[in-house]
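Read from first to last, the chains carry the letters A, B, C and D; within each, the first residue is number 1.
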């Protein structure tokens, strides 16, 4: 009998998108229960947020060190098993280190650390305590990304010889073209944000996508970064030539100034027998291509997919996963109504919609039965 | 301070898709807590399922009547506030009736009832107790469907004069073309399934979409149903001519034998100033068209959208809602690892992925700094 | 040795789109030579146009009757063999009749006649003289439409059971919503334009597409037309329920007020083994779908296509036929330059472009050879 | 009064695709007449081909030198004005040189020469004789490519800061992975094909597209080529980092081993106010994007386009240029019928199609008039 896993949350309070994402993700498969947290450096805000989302406040701690200390006092069968680290980047390393050293499992937002040196220290720490550690390269969770990996492993496109991956966004334009903003934002200050903006934030996802899907290791790289103004030289754009095994090359492209691009992660992989193409913004379509056969589009949930892909699909074909959210929006409207809060017409379909639907169904049956004649609805 | 709403669930146990959908949807905005349920007609399975998803079993009831009876004994501040009805269709009416009569709010799967007569009875019941009732026309929860409604209301396409909506699926082919199956499946037996298959199951969603988005009422219809074999005359396909206000006409098309279609709900609305097109399988793209201006594509999360649309979006532009699920898949893999269950390589990104990512970032910075030269990764 | 076929043209002078279309189409496969014409009811304009497009003027006739009379005096091996009728609709019938009666072959713009009665008269005339007659349902010339026909004939989607075809345009909006215009335009005056606007102009193409691709005959129809203003009751929109063989139904939808639609002809055909979908605005993509297999996209020019489809493709895969026109635009710019006419920078790629291209190629080779270093272009 | 320009053709006989392309392109706007040619090194085949396409044979010459010599003897008003060079690459330079030196205009297939040195010689020759020279970067003739250029020139996307262009094909896979073929094909033999395969064949188109659309000059490049087998080191794939003006960078990607890609030329251009994206395989869609406004799709033929773009469009919106070819296919079928050659049912729409169309139109009018009842077709 599967008891829910006891989850702790570090960061992610308030309207934090990343907080919502981790809470929802942890609930979707009925596997986790949030039992402890430091949602916010401000203890009172942390408590307030716990109340807002209706989580018991007795294990909301005033800071990270207290959380570790107090949880370690609890019997093992009550203690937090795994912590999700959603804090600013520079805190990832010290938090993860302490958690791993004390036997907690960790789910860590990306980038794991601010240097490669720290990364290797964490690796050693994990090996010592034999804990579970996950880094949130979220895109590897898409069913069709998993399908790419399994198809390549199974030889569907033969020997890979070329990889082309892109991660283009445009959001930093509004900052970089404003002299005032670009000199004050912490994200573009190397002292606060680390050695790289574009490559560390999104280029690394593209890198991971290559290794995840192809199963190959990138052995060497040649990078060309770009910045747009001399008074701020953080990379906001870059192209990286990559080499894997012999005669296997590729290119990783990343940009935060690709104007009008939203979250444009896309990958194309070519082998001697076929090619694969996938785009994050339309994640349910995997293009399987050949030089001689008709183009194929694989979609999630079909029996023709691999086990790993099917394990990541809960819905039948044709239902984008966003339907969970569409239904959630209806539940949200109902919640407002039940709580007597203000809500707009259209937030959920009402009794009237249901009644009219039944009128429609019966009228169509009647029209058809009478020989396709006009029937009036009430 | 928002206390979670106490939710009861009727049906939806085990692997039921509709059960998963409602549980996830109820959790996504931190609004609901499942406090009572009859997941399954078999009490023991109901209890087992509650344990499986780690819900306290003390308010898992042996049947629906017991649930109502026992809950009514509880003080109002502990009692189930709203019940989601996910049972077979013929149970919707009696359950909803009793719930509404006793002051429970209801979220009801579609179709609400099996006849229009019953629908009107429920409507009267709801009016009497002034309860909240929602019918799950889930598609109205999509941000871009809401955007259509608000744009039309605001006059963006002028006076609507034509509506064309389609809901095409192909799943019933595997049943209808098999003589044995089509004569035994309950869904195609009018005694068990009601007066209509295709129109009641999906045509009614198309109907609702017209009224939801345009704000117009369909006044009269002319229907032509199709069946493929004389030995089973349930409609598996149908076209319905519709008339709204004067000179406003349209067509509703529905099919369960549109081979290769998955969940092909699509709507096109034309007014004297513009047109709108949307498809459920790519729900993040709303096509806004004009005879003279460039085609526009509206996408969720942008400030240019209406309030009702934005209220239904949690993610920044370019992130399909399916990313919740992608992350959930990673959490699922981690859960298996923590529980010591078997899992496959690739179910979540590991320490090694994180370490290599840091190596990549540092190497690209080095390559760029040295004048775009080749740098080897470890 | 194929001598070019002697072609006569009736109508299509000046900037007439239909004139350009037929002239280009007749030249593309080196099969025809224009030897005679009445381009315009005004003889002088006809002559002027012949000069403009550099066709010998000795067989430009003052009117249609003269053309027939004079051509008949010529020896058979010089005489016009086939005439293209591009005149206003009401002239199609008398011209075609006289041509067929006198043994000329005919390529006729659609609609062939203004009434069904006339159509049957022409049919009898053709049978009598055993001439060749073609009606310009141009869309049947697309390679992927031909492919649909051949695939269905070969059983690729099994027994057809449902057809859905749409032809939506929006161009009449600018007329119909203007009280002045809608009462004066000849196209919406039944005395001049015939009994139907939308159905005769475009609905009939949709009808033809059904019969062409499926090989089935439509046996009965039920139509619902729409008009938007009481002061003009010509159909600008309509839906037609169709029935072919037993249990084979469908729907034909046509509109001239589908705001923002350009030339939206699309067809979906469903059989018990598969489905096919095609859209005129992206004519190189044929969607071949199944309930259980990955979606396939067939494209022109591949060896997997049928003979009839391949016969209609001159270009290798990936080259849209529009490339003929792209090249023609370059030839047009060159013509202007040669003639000393004014032209804009960008109308054709120049020597400078060619020189820079060679510089680029050599520089890349050098950069690569030197170990991927920066090389400057001149 | 525009007299047709006298065109000579070098190469392009028989089934040569490039021959068809140039012949059609020269005819589309009624500007050119083919008056002389050397279609083939074999004189008899050249004559035979001229007869096949029904061109007078008196100016079909036995070789290029004879063509020049004989044409120069003709009076200037009869002489070939412009020659299209469609021969193998190594002949481009000597032919173009001699033509330019003798005052002929030239339309030359790409690559213009085999070395940059030769290119500069041609440039000097052209300057001396002040002749017209066009190189066939055909893609610049597409209306939406022209539109990109004009929009950028007009400041629609602000200051360009990033360009990304791709030209991916997969056709060389069938050669490169076959040891026998890759060692014998002339295209992969540097002695015959020149210094580069991929970059010279298609990379240069991508390069040209950047300069054509942005109006910027590429100042320096860094290239990384790939080959797949040590026994053949011609580039079949390559990535080129490019730098234009200060802080304006980009990447040019080209491949002949991008398995399953057909003719995948695509460009994305990002400026500080907007972005543009276009793909050759869907040339009628120009994506105009912004960080804050809805995505726009520009299409050809609309009044909102620039003059240069509109000059390249003959058809109304929604008609892909391929419709010329669809109509040409119908003309081809008619030609076969007139010549008494064998042809298949479906090659052109017949009298029967026309008659049935009229039956359909009248029946729909009748059905509508009678109140939407079923009417049978004959």
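Operating definition for what follows: a residue touches a chain if its C-beta (ideal position, glycine included) is under 8 Å from a C-beta of that chain, and two chains touch if they have at least 3 such contacts.
What you see is a predicted model, and the numbers here were worked out from it, not measured in a lab.
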Between chain B and chain C, the fewest steps along chains that touch one another: 1
Could you tell me which pair, A-C or A-D, is linked by more C-beta pairs in contact? A-D
Cα centre of chain C to Cα centre of chain D, whole Å, reads 22
Centre distance in Å when chain A and chain C are each reduced to the mean of their C-alpha atoms: 48
Based only on mean CA positions, could you tell me how far chain A sits from chain D in angstrom? 42
So chain D residues touching two or more other chains come to 171, 222, 224, 241, 261, 295, 299, 372, 374
For the complex, give me every residue of chain D touching chain B. 222, 241, 288, 292-299, 302-304, 372
Taking the complex as given, what residues does chain D use to touch chain A? 157, 161-162, 164, 166, 168, 170-171, 173-174, 177, 222, 224, 226-229, 237, 239, 241, 247, 249, 251, 253, 255, 257-261, 268, 270-275, 289-291, 295, 372, 374
